[in-house]
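Both of the next two complexes hold chain A, though its partner changes from chain B to chain C.
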Partner chain A sequence: MLTAENRARWRLAGLLSPATLIIGLFFVVPLAIMALYSLLEPGMYGGVEWTFYPDNFGRILGWADGSNEEFDVVYLQILLRSFKLAAITVLLTLLVCYPAAFWVSRQPERLRNFCLFLITLPFFTSLIVRLYAWVLILRPTGFLNASLQGLGLIDAPLDLIYTEGAVLLGMTYIFVPFMFLPIYASVEKLDRRLLEASADLGAGRWQSFWRVIFPLTLPGIAAGSIIVFIPSLGNFIVPSLLGGARVLMIGNLVEQQFLAARNWPFGAALAMLIMAAVLLFLLLYVRWQGRAALKEAAR
Partner chain B sequence: MNRLLGLVGRRLLGGYSLAFFVFLYLPIGLIVAYSFNGNPLNMMIWSGASLDWYRSLFGLSNSLSENALYVESTGQLLAALRTSLAVALVTTLISTLVGTLTALALARYRFRLQGFYRVLLFLPMLMPDIVLGIALLIFFVGAGVPLGKGSIIIGHCTFLISYVFLIVSARLAGMDTRLEEASADLGASAWTTLRRITLPQILPGVLGGALLAFIISMDDLVITYFISGVDSTTLPVFIYGMIRRGIKPEINAIATLLLLASLLIASLGLYLRNRKPATSSDDHAHG
Partner chain C sequence: MSHANNPVVEIRAAVKHYRTPEGHAVRALDGVDLSVGANEFVTLLGPSGCGKTTLLRTISGFESLDSGELLIQGVAMNQVPPNRRPVHTVFQSYALFPHLSIGDNVGYALDVRGVARAERRQRVGAALELVGMGGLEKRKPGQLSGGQQQRVALARAIVDRPALLLLDEPLSALDRQLRQAMQRELKNLQHELGIAFVFVTHDQEEALTMSDRIVVLNGGHVQQVGAPQDIYDRPANAFVAGFIGESNLLRARVESCADGVATLVGEQGDPLRLPSAGLQVGQPLHILLRPEQFHLDCPGDPAAHGALDGVVEQTVFIGKDFEVSLLSATGSRIKAVVRDASRQALQRLHPGSSLRLWYALDAAHLIAGEA
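And then the complex of A and B:
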């Protein structure tokens, strides 16, 4: 006969085991194997040799001595470009969403709900379709060039697609809803009375914004930034459609190593760098959040 | 003066927000418009409305000449759609079940590894697609698992369990636990309490989680791209391939149909979310 406590323990084990099994076997184990691969020597025809081989990282970060692999600065450049484009994407989505979130929060309820529906709709809309729209707009014979030429503003098509600008536009477009919702959540919670108090005490608009509104919406900004930064950094669909061969990001390199060059250990090393960066930013975010919560509690 | 400044500021903000919504929807609107353009030679020049691209998509007769037939094969397209639907249905079933069980475990039991489990369940959502995609590729190839519908389903489940878990957990957190306690006090077994009290209350959360899992599974491109086999292409991977090979008017038609489907699903989701559970108002009355 099982005691009540024992029965509860078995029930808990039963509830947890499916997720433990699936996430353990198909998430934790594959990532561990990927980490192992990144330290093994690439073999012939896409295989691996079971020898320790730090040069996969050396090729990217600069300590390969040339006896096995050459250090090529191009990998570092692509890595830095990925960080740069992801950071600019965060800034652009922020610039696009912040004022709009304020406006939406001040509308009467029905219009506000409709606006929120319009912003959540892209979450349900195929990502590839939304990106394809920008291919249609930006390509040499696309909507923008055709319109400008039709109006007689330009003679020859402009170089729009396959530029960093096109990649930024595409990433901003697909990640705007990710930034909008966290910002909106914190803007909606703003206490109007604080703004009135700040104005009554003689603060100008500018001062009110930077000393009252901005700090109060910072949690939303931080959450939105991290949610946009993570998928931007490792993105390869946007640069492959809108960046072409000219604007490669680290995700494109990973794809090449796995599907074309068949150097899996090197591709795994590149992916490890993406994962390390993401985990580092998450850790910083969680620590910052923890400190902010402590400050709040101490108040 | 300050009032005038305020008025101008509000107008500017309104204009900016209008531009924001135009930015969100103009590109999508263009695809829809182009999909009805009957011009077989230049997509950018309007030459009257036509359903030719839709007809060509499904292999029906149309007014296009034989050599204006662009789509590779209607069969391939429909096969990709079928694969996507099959994968999404199975994935939704598994991840909804497992995600809900896990949410129940973390919300209703106290145990030592609780914090560990919360982090473990968050990570698959935050892991960049490409990292998870190649990790699974290495794993499947190494373990001798053939790439196909099965591998795609496993891949999708690893991160969709987390989404369902999150949504159902939110629902459980907002639920009145006294009802469950009362049920147990009145002698109901754990199973009866779960079936009669807990499940009906969290049902909107479970359905919402299932809907989200279905949508994300149908739309996933990156992870599927790495772990789908030759004859198990899903719809997003198929469309990605089509775009890479060149822009064809049929893509506009497929894209428009997908947009229509997502509008329907989003409306369903909104309906589910806004429908208040019948018991929630009673809770307060008795509380």
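And then the complex of A and C:
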């Protein structure tokens, strides 16, 4: 005989098991394999030797003694550059999306829905195709250089592609929708009557922005920043198409280790470091949010 | 009232058009004049769409006039943005900042102007004390009841003593009991602060209770301006009579004028003889009789009273009084509230029985009417 409580428990287990299975099989298990691999010795011709081998991390972080692996500061430099580019991408997408969200939220409903449709339109075509379009625009014989030369504004083609600028352009381009949607959600919720109240109490536009609009849309900004920052940090498609060999990001390194160098343990170690960095950031964010919530509750 | 001497607000010939979504032009304000004196409690009263909220929002600066003049403390304000006007508003929705504590909400006007911390704390405390919310600085608006939020909105608007406080139907979201308590408190507060209040409402009872003067608006026009009692006893036109209090409006016409006595015939039944001052033969009129002005028996000299005959349609006991609906001999429906039904009177009030109602001639208020 099943009691009501037991039945409820079984039902819950039944409902949760597909998700649990998928996450377990395709996320937790591979992650565990990656964590394990990152501590194993790379085999001579790909594959692994089943011995504990901390030098994968040593190559990156500096304790490789040179007997097995060399420490090379270039990995940290690339990691640092990835952080820098991801952070700038967040800022650029924010700069594009924040004012646009206000504009869209003020439009009549039909135009508003059309704008939202346009924002999601890029998802209908392949990312590679869209990025390759940028290659065609930016390369020395590309559309932009050809046009500028044709107009007589420049003599020789500008160095546009394979620069950090090109990578930032591409990343901003692909991540704009991810920033826009959460910001738009918080901007649309903003009660315009609060802005009237602010003006009524003597605040100018600038003060109303910093005292009312910004704090009330901050959750949207934070959410958008996180979901742009994390995939930017690990992105390898944009730097490999628009950055070439000159602007490597940490994602490219991982890709190279797995696919070209066939050094899975080292690739796994790099991936683990990215994940650790992201987790650290999320932890800080959650603690900051949690503290705000705690403060709220204490009042 | 000294409002004529140095008004806080003066509005002259204000006109404001709106365009509806269908493209029709609507005159929200159609030549409105208004002046509010220092320390005066003025209520803008009217049905929804009468222009009262538009008028309020032109004073606060959220609407601009198409034509006309607006002066606050003698300074032309037409081109001055809301944040530079010495005026604060208590909004219908309260519009408290949800991310700020009560203390920061109330201190907002001071923070914006950079008032020093010690003075700020003292003034925020005093303002909250004044509305009975002392010591709640640390709470957030979401943790307060509607009535409490109302008080905070009030404290926020008076913290830096504006020249004028605008209140946009601030009590409409409160339940009846709380609303009545707040009406008295608002009136006291206004007296204590010595700030002029302009209060918008569609609730005539609220307007009568609180105001020094009432401005009755309809269709973008000022219908009447006056003290509550003036407006109630001597409404300027049929709209005001109908909007304020319950009223019976009987159509009549001046049949003859002789020796200072005019004879009126119309829906009131027997011809009515009244002083003829200001009346002309053939002039159409409305006779206003409030339900409580009727008596079952003639209370004095029959020559000084009018009588109205009819058949009782319905009688409702409303506690102490009876509310009688009477179908008069001329076919109009009369609402009367009569007192002291002795046993005999009770029988008279049975539906179907014929009844004669008496009213004092000087209680009958004449309003110019259209034929």
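The rule is short, and it goes like this: the second predicted complex is superposed on the first by the 264 of 299 C-alpha atoms of A that agree within 3 Å, B and C clash if a C-alpha of one lies under 4 Å from a C-alpha of the other, contacts with A are read in each partner's own complex, and residues count from 1 in each chain.
Just so it is clear, a contact is a pair of C-beta atoms (placed from the backbone, for glycine too) under 8 Å apart; a residue touches a chain by one contact, two chains touch by 3 or more.
The structure displayed is predicted, hence computed values, not measured ones.
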**Message:** Quick check on the superposed pair: does A:Asp55 touch chain B, chain C, both, or neither? Answer first, second, both or neither.
**Reply:** neither
**Item:** First (chain B), second (chain C), both or neither touched by A:Leu194
**Value:** second
**Item:** chain A residues touched - chain C or chain B, whichever exceeds
**Value:** B
**Prompt:** Which of the two partners, first being chain B and second being chain C, lies in contact with A:Val212: first, second, both, or neither?
**Reply:** second
**Asked** Hey, which residues of chain A end up touching chain C in the complex?
**Response** 191, 193-194, 196-204, 207, 211-212, 215-216, 296, 299
**Asked** Any idea which chain A residues touch chain B in the complex?
**Response** 8, 11-12, 14-16, 18-19, 22-23, 26-31, 33-34, 37, 96-97, 99-100, 102-104, 115, 117-130, 132-137, 139, 141-143, 146, 173, 176, 205, 230-231, 233-237, 240-241, 251, 254-255, 258-259, 264, 267-268, 271, 274-275, 278, 282
**Prompt:** What residues of chain B sit close enough to touch chain A in their complex?
**Reply:** 5, 9, 13-14, 16-17, 20-21, 23-25, 27-28, 30-31, 34, 42-44, 97-99, 101-102, 104-105, 109, 111, 117, 120-121, 123-124, 126-132, 134-139, 142, 154-155, 157-159, 161, 165, 190, 215, 219, 221-222, 226, 236, 239-240, 243-244, 247, 251-252, 255, 258-259, 262-263, 265-266, 269-270
**Complete:** chain C residues touching chain A in their complex are 60-62, 81-84, 87-89, 91, 93, 95-99, 101, 108-109, 111-113, 138-140, 143, 156-157, 160
